[in-house]
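See the structures that follow.
Here chain A shows up in two complexes: once beside chain B, once beside chain C.
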Partner chain A sequence: MNKKGLESLMLDPYGFITLAILLVIFLLLMYLAGTVNANKSNVDNVIVPAEILLLNYLRTDVEVDLNNDKVVESVNMADLIVMSFGNEDYNKKLKDTTKNILSKAKPYGEWGWRIIIKNEDKILLNLVESPTRGDIPRSHKELFINATIPSDNNKIISIIMYPGYL
Partner chain B sequence: MKKGAFTLSIEDIQAIPKLITLYFVVFVILIGVLMFYSRDIDAKKSESQTLFMRLLYSKNCAAYNDGLRTYPGIIDLGKFTEENLNKCYAVKDTLVGLNFILKDFTGNIVKEAKLSDISVDLCDIPTKNFDCVKLDPVYVLYFNEGIKKGGIVSSTVILKHE
Partner chain C sequence: MINNKGFFTIPLVVFMLIFIGFTSYLFIISDKTSNYVHIGGTASNIFSAYQETEKALFFIDKSADYSVYKTLRNINLDFKTNCGKKDNYIILVLGEQTCFFEGDLFNNNFNSIFNNYLLDYTASYDKMGISKLAYTSEFSDYGVIGRSKELLILNRSNITYSVEPSFKVKLDFNIKEVFLDANNKLKEIYLSCKSDKNCWEDKKTEGIIVQDNGKLFIIEVDTEHRFGLYDEKLVLRFGLNFETNPLFR
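And now, the complex of A and B:
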């Protein structure tokens, strides 16, 4: 240190190294911030109207012989699901119609839809639309859509739909 | 001392490395900030999806309305016309173009609406002054002669460059 108390920066290598490290960290953080934003724009792609698919799935009309009298009547999928819990004869119709709808609506090119229909006691349907490589990460909550409908025995039926990689 | 010459005190000389460091720090911060702001975030697909959602959700576009409420996701074929959708989107003479195709489950085209002066066929050309965003098909319902049917809407959004 000189007489007047001024200190040369070059004489303080530790301070200089600290500054250099901080600058590198700063640049790194700026770079990462940009990367995170770029990824965010990909996540935004996930605003595919998945709720519309579930809503329309439940509203789809399907023809069913309700009383085994060879007369087909039109009910919607929500009704068919409720009926399937009480009568297993409707399960095949439910499965076939579900498969038909989901195979037409591939969400993101390489992905297919999975569906789970269950009430408090049992799983009625756990359908993978086509063979998948695996589930999407559970952390992507926005990709899970679900609806609940009441059953005729006062139990809640949950319908959960989510995409998986094909 | 010569005329016009100036003297540097020891403090001035010692300040030179500090000034260099200061300029270096400012330079690095500027580079960092510019690096962040000049990053190109691709929002074309998000923008296109948002436009497409309007078709399904708005009663002014193609969503079915029974006079009491609107049913998002159910297409009113009477509204699925170029004239009505042009009113709904108001994209005429803008940099945005849209093309919607409604198909039934067998793949037959039920209805098509083109809201662009650029044909979708030109999307495959490698060098062009517009971008084409092909959105994933969406399962919809529509009324045909009073019967509710399932179908698929495919859409392409054309974003012209300025």
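And now, the complex of A and C:
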């Protein structure tokens, strides 16, 4: 019976230890190579279907009585946002309509959409459904969707939407 | 004789360590990417370019809305003729010279002023070069339609996405027709009345107010049309300046 293979390992413990270290180093290097290269993706962007949701939200028509003459006119949500910055009377309409639209478009299971509408001066709407049980990590920036619109007095308005646990 | 040294010798192990270390180092620093991230990469980039462009087009849409409203709000202040400019009314007559509007003069005034206002809005959008675009306007019974003379181009990795921006600003009336109708009505009265104040009072129609300010007539035309987010009235103000007219009576 040939026992040389086993015997040679037992007889050469230094070689065996070196082999084990070599394998560990090799596995470590392969692991590092995988993680480093995973970040070198040629995909610049992650597809976020919610970007379309945000634009559709801004384009949604809503009926508003523009000058309290009991005649309702059709404007879109972007217009309602602009009007709300100039006239607080529209804030309730903005909040209710926003809730109504976003409640029908839940992103994932129990998660709902949170929305922040602000310009350079103030936050107009910070609609966070409560109670919250946690937020998505801020590092997941692909889940934060934002769009900008101009206001009639030429101030940029930012609309930021992100999913949160309801 | 039995060889107890085994397969691994120290020089061989050192050589293998150096070799594996070196090849791993080359692999890490190379730009080679994992195969799985390539799948769908192009589609992702196309979709992303589409989304970014859609956002920019929406910004243009809203900017165009507010620019048209601003043009209408300031129409009496900004519209110019060869008869000069005075305060917030459009001078149609200077002495014996008449400067009534024709279609081209209206188009030139509107496009120039509208594009200036639009530039104010689009300049604040820094993600794509939307402020470099200029638009020609067409007027219909449903509002103003604008078309860019140039393409909006977005380059993303290996994707080039181009689109010809256009917009439609909803109004309940044809602004060009309304303006030229008012202008033509005043021209008609002017041709029969010239600087005769009483004649103007007799011939003016509903919605026209003639203010006699010495040798300057200020004529206000209420078009009965409304526009914009605040349902503003469109009132046109014209001036007939007879100061240098020797026939003024």
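One rule holds for everything that comes next: the second predicted complex is superposed on the first by the 120 of 166 C-alpha atoms of A that agree within 3 Å, B and C clash if a C-alpha of one lies under 4 Å from a C-alpha of the other, contacts with A are read in each partner's own complex, and residues count from 1 in each chain.
The rule is simple: a residue touches a chain if its C-beta (ideal position, glycine included) is under 8 Å from a C-beta of that chain, and two chains touch if they have at least 3 such contacts.
Bear in mind the structure is a predicted one, so any value in this text is a computation, not a measurement.
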Touching partner for A:Tyr31 - first (chain B), second (chain C), both, neither: first
When both partners are placed on the shared chain, which of chain B and chain C touches more of chain A: C
Which of chain B and chain C A:Ile159 touches, first, second, both or neither: neither
Chain B versus chain C as contact partner of A:Ile117, first or second or both or neither: neither
Touched partner set for A:Asp12, first chain B, second chain C, both or neither: second
Partner chain(s) touched by A:Asn100 [first = chain B, second = chain C, both, neither]: first
Partner chain in contact with A:Glu73 - chain B first, chain C second, else both or neither: second
Which of chain B and chain C A:Ile52 touches, first, second, both or neither: both
Common interface positions of chain A, toward chain B and toward chain C: 4, 8-9, 19, 26, 30, 33-34, 37-38, 40-41, 44-45, 47-48, 52, 55, 59
Partner chain A, residues of chain B touching it in the complex: 10-11, 14, 17-18, 21, 25, 28-29, 31-33, 35-36, 39, 41-43, 45-46, 49-50, 52-53, 56, 72-74, 105, 135-141, 147-148, 150, 152
Chain C residues within the chain A interface of the complex: 2, 4-9, 13, 16-17, 20-21, 24, 27-28, 31-34, 37-38, 40-41, 43-45, 47-48, 51, 54-55, 58-59, 62-63, 65-66, 69-70, 120-121, 124-125, 156-157, 229-231
Residue ranges of chain A in contact with chain C within the complex: 4, 8-9, 11-12, 15, 18-19, 22, 25-26, 29-30, 32-34, 36-38, 40-48, 51-52, 55, 58-59, 66-67, 69, 73, 75, 78-79, 82-83, 147-152, 154, 156
Residue numbers on chain A that touch chain B, as the complex places them: 2, 4, 6, 8-10, 16, 19, 23, 26-27, 30-31, 33-34, 37-38, 40-41, 44-45, 47-49, 52-53, 55-57, 59-61, 100-101, 104-109
